[in-house]
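One chain, subunit A, appears in both complexes that follow, with subunit B as partner in the first and subunit C in the second.
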Partner chain A sequence: MDARTRGLYVERALWPIGRGDRNFWLAVGGLSALVALGLYAYVYQLQNGLWVTGLNQKVSWGFYIINCVFFIGISYGGAMTGAILRLTNAKWRAPLTRLAEATAVAALLVGAVFPIIDLGRPDRFINVILYAQVGSPIVWDVVAIGTYLVASLVFLYLPLIPDLAIARDLLGSRANVLGKVYGMLSLGWRGTHAQERALARGVGILAVLIIPLAISVHSVLAWLFAVTSRGAWHSTIFAPLFVLAAVLSGVAAVILVIAALRKVYGLQAFITAKHFRYLSYLLIALGMGYLYFMISEYLTEGYVAAEEIAPVLESIFVGQYAPSFWAFAIGGLVLPLFIAGLPGRYPVARACLASILVIAGMWLKRFLIVVPGMAGPIMPWEWGRYSPTWVEIAITVGAAAAIPLMLIVFFRFFPVMSVHELDEIEGVEPAPRLAPAFAGGEE
Partner chain B sequence: MTALRRILATAGLVIAMAAPFGGAASADHVRAIAEVKVDHAEKLEKGYVLAVKLRGSDGKPLNTATVRFYQTVEIFGPREMLIATAVTDGQGNASIPYLPARLGQHEIVVRFPGRDHVGAAVAKHTFDATVAAAPHRQAVPPLAAFSANVPYGVGVVVLSVWGLIAFALFGTVRGVLQGGRDRAIRKGDTA
Partner chain C sequence: MPIAFPAAEGHVRAAPGKARQWAMVIDLRKCDGCKECTLACQTEHALPKSFEWIKVFEVKDSQGGKYFMPRPCFQCENAPCLRVCPTGATFRDEEGVVLVDQVDKCIGCRMCMEHPVPQIKGTVGKCMFCVHRTDDGKLPACVEACAMEALYIGDLVEDVATNGNETVRLSTFLKENDAFRYKEDLGTGPRVYYIAGHGQLLDN
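Our next item is the complex of A and B:
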């Protein structure tokens, strides 16, 4: 990469910082309105209790738990994408890793809130800690999600250090508040051997750690269902199925985030069709893996047709949940594989369309896991019914809007692409620093 | 005619319902009297013998009468828990062996529901149990020791993960700060 291209790359990476054009404020305004709608619905639920939702005695898990699994899954996919690209030293990763890692944190922050929303009384969450039962999957979940959140934040921050130094040098000054923040957060980065070594070690540890950590988080979420005595959930394949679903929907979300920010921030020169093709291949591989797992699950359970699960399977395949199931299986799983995999023009648009279908399909799949599993009677009673109310829908929409809002706000203050990583891959020497190092360094 | 039939039928039903509660049935009605006694069993570890003597108010023993033995327990308030059913002998006596589940005060209730022309009877007796069955011990399941230690194992793993995260963060921060303070030369330069 020549100096001019690198200069352009740095310029585009730092371009969103401090920019507040009309489109930015329109996006922030629109997304904030949706988030405010969700907050209003939540306050309404707090004031009136959970009866304002469609949750009931038989179907006590609905949209909130579906969203929890869904958003944490997206987060997991983002973290995995970043970690795998780093560990495999993929040469094309530089413009993508920051976006993937930021998506992971934003989605996790949203997903982790849903169990508290589902509680109805958020103050009771403290009881999970005060009266923790180590044998309870709820406690496992709190520990796993908490650990994963901290690891994701650290995994986002460490690779930012050199880029914050660039932002400090190019944008900030000591008199400027933002400059001071960059100076503090960049820890006096000058790109010395010792600093490079320390950073490479820290990022390496986290890149290795984040994968088993993310797998454990989603496995624990799956076990929350699988260790419950409900026929439709009592499955040994649930943990790998959840993990694969998470990566699949996460990669799809990363594709959408990258496509959106590429367009908004004018990154077309650096995030090219090649990146979308590679991510599409990843999407196809994961989708086929998920298809195999799903067929394996339904085939074994359907063939045995145990008394407690046969009615649930029947309701999913040909009963009241059949429209959702076939929409997911065909529209959200098989069709996207063809759209993303077929050779032809418009790879970016096709990757985006496939991702939208996958995300919608994977949300439906979570619905099909949670609701029929709860509605199906375990005693000889009639089926439970669940219809979400406007409160649940508004909170879901608000939560979904919170992710792009957080990303837009985050990238207004932090570089959208990793410059340091690009330099590492290209073997480019960093440009001379313009400002003295933060920690009293004398240059 | 139909209306008259209806009136007669209704009157007949009233008479039929009233019959068991009075009328002819009350003419030779006998009240039952029950007396409960609790004794130690022959072998102390076997607990107690709960005995009841049932006789009519005319003093005659009531034989072949079915009596029920209950213990008063507290389950959302006082409730009677059935212990056993027994049939009285020719002397009006019935008894059952009883080994309490716990030590302390016990209230035994014996109920005779009544029969034919004999009314019902209830008797209560309270005693202090000094002998009780050994507490139930659940058989130790296989892999119990393993299961009991799993939380500690998981705890160690979780702490290790937190340790690694802390090491990655603080190690990097320290390394970067130190590397910045050193008069080290930028990557690529020669010393």
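Our next item is the complex of A and C:
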């Protein structure tokens, strides 16, 4: 490990900061336009009420609830990837954790907004706190998502502290105003022994905490469905199924984010095919686990085929939802396992292709949980219908665009790889730095 | 399309201790599926056409025949829709009617609608057994409108029910006619009783 190599990854990690080339502005402009479209659609919905959506008395949950589960799921995968890799002390994680944790926060911010978008009276959201009924799954949700949001923000921030100090010290003229912000945010980090120990302990505790927190969020989301008396939802396997679905889609999203930003920021030397192979293994293990859970769910329900479930299962396997289901089961679950798992060339491209399929498949799966479950008859003679309007589609597209937008903007200001962790893995022990004068009063 | 509607806010009942416990009996033998009950309900509560707080289903029976089944809110004694409400907007008044506070509390999350409670309106509204009418000693709009006299509103405390024309002793009436409650096995304690007749299955 020589100074030159370190110089390289420090340079690469800090490279995007403060840079705004044409591609950057094109990306920001394009994504912002999509987000603006989504915002416009939401304002339109606020003015006219939920009437402008495809939601109705029978199918009263649709795209928004699907998106909530979907995006929070993606977030969960980012957090879990970061946490598991830290806890198992996987050495190869160093260049990936920042990307994974930032993805977790971005996706969570988007996912957490959807329950509010879904409200008929968002102006009264505060009632959930003022008049909170602890027996209501909605209240569990607000508590769980809120806690998890705070935890994942801290989980992103803590490992960032030493990097902020590095950025503060190294960026110099490239970050005049930012330098002050880095100075403040880095909390007077000088890399002393005591500071290193405190940080390692903090990150360790959070890595342990974030796992049950994230599990609780997805379990609660599952119970939103499972505690109802609707046959297709009233299932004990729902919570673990949701948790696994979340990690699966989240790992896929992490693969895509890493692949994209690796290219954009020129990180190929640090994030290599090896990383994609390891992440592919993770994806395959999770995918097989999900397949197993799903077979267990459908087999136990379908074998008995109770009166209130049979028509829903029929609509999923051979009826009106069959195209979505088989597209998901084959194209979004089984096929990606082979694409990512078979040995051979192009591991990066194959991991990305598999991830895209998995993500699309997991969205479809959430659709297949929410919509047929609601459209299916409570009284045996009434099927509901649901087709989303442009409002729901625009809001969904805008939300999806908001995630890369947030990531691009975030990495314009913060190091894209964890220099501190790379140092640790590479065995670099940078001399304790003095807090520069502009860092202000600390110590 | 905001619709003002005399909902549950500050809903206060008459003298305590004399509270009634409302129940409904629907005589399927008489129902001819004219949907006058639905129309009267929509007029009474100023609802658009797609909101059917009492909905009339046309059911095919196993013999190939058909019958009609009006379904209001069952005002369950152990109502699942009430349990899941995050703000306590859904509540039971002291006469056993499940009401939604649309004026202040309901946030429109529609968690209750995952259980069979009808409709969106920014907030959720539902069949309220016309508590504003029964308070004034009037019949619920659907009961009053039913030309077949198939709908009875009744009081479990006084053990009496009426369709506006005929008044019956509720418990005897239910027993003699083998009344059943829809999906009683779910344990929600519905307050709506059906009397079957034309080949309807008693166990559905």
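The rule we apply is simple: the second predicted complex is superposed on the first by the 423 of 443 C-alpha atoms of A that agree within 3 Å, B and C clash if a C-alpha of one lies under 4 Å from a C-alpha of the other, contacts with A are read in each partner's own complex, and residues count from 1 in each chain.
As a working rule, a contact is a pair of C-beta atoms (placed from the backbone, for glycine too) under 8 Å apart; a residue touches a chain by one contact, two chains touch by 3 or more.
Note that the coordinates shown come from a computational prediction; the quantities given were computed from them, not determined experimentally.
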item: Overlay on subunit A: subunit C relative to subunit B, clash or fit; value: clash
item: Contacts of A:V264 with subunit B and subunit C, given as first, second, both or neither; value: neither
item: First (subunit B), second (subunit C), both or neither touched by A:I425; value: neither
item: Which superposed partner A:L119 touches (first subunit B, second subunit C, both, neither); value: second
item: Subunit B versus subunit C as contact partner of A:E382, first or second or both or neither; value: second
item: Partner chain(s) touched by A:L50 [first = subunit B, second = subunit C, both, neither]; value: second
item: First, second, both or neither for A:L185, with subunit B first and subunit C second; value: neither
item: Subunit B versus subunit C as contact partner of A:A194, first or second or both or neither; value: first
item: Partner chain(s) touched by A:I205 [first = subunit B, second = subunit C, both, neither]; value: first
item: Which superposed partner A:L213 touches (first subunit B, second subunit C, both, neither); value: first
item: From 20-28, 38-46, 56-64 or 74-82, the subunit B stretch with C-alpha clashes against subunit C; value: 74-82
item: Overlap of subunit C and subunit B interfaces on subunit A (superposed complexes); value: 135
item: Subunit B to subunit A touching residues, read off their complex; value: 151, 154-155, 158, 161-162, 164-165, 167-169, 171-188
item: Interfacial residue positions of subunit A with respect to subunit B in the complex; value: 134-135, 140, 143, 147, 150-151, 154, 157-158, 161, 187-199, 201-203, 205-206, 209, 213, 429-430, 437-442
item: Touch list for subunit A against partner subunit C, complex; value: 49-51, 55-57, 60-61, 115, 118-122, 124-125, 127-128, 130-133, 135-139, 142, 224-225, 227-230, 233, 374, 378-382
item: Residues of subunit C that touch subunit A when the two form their complex; value: 1, 50-51, 57-60, 71, 80, 83-89, 104-111, 113-116, 118-124, 182, 186, 188, 204
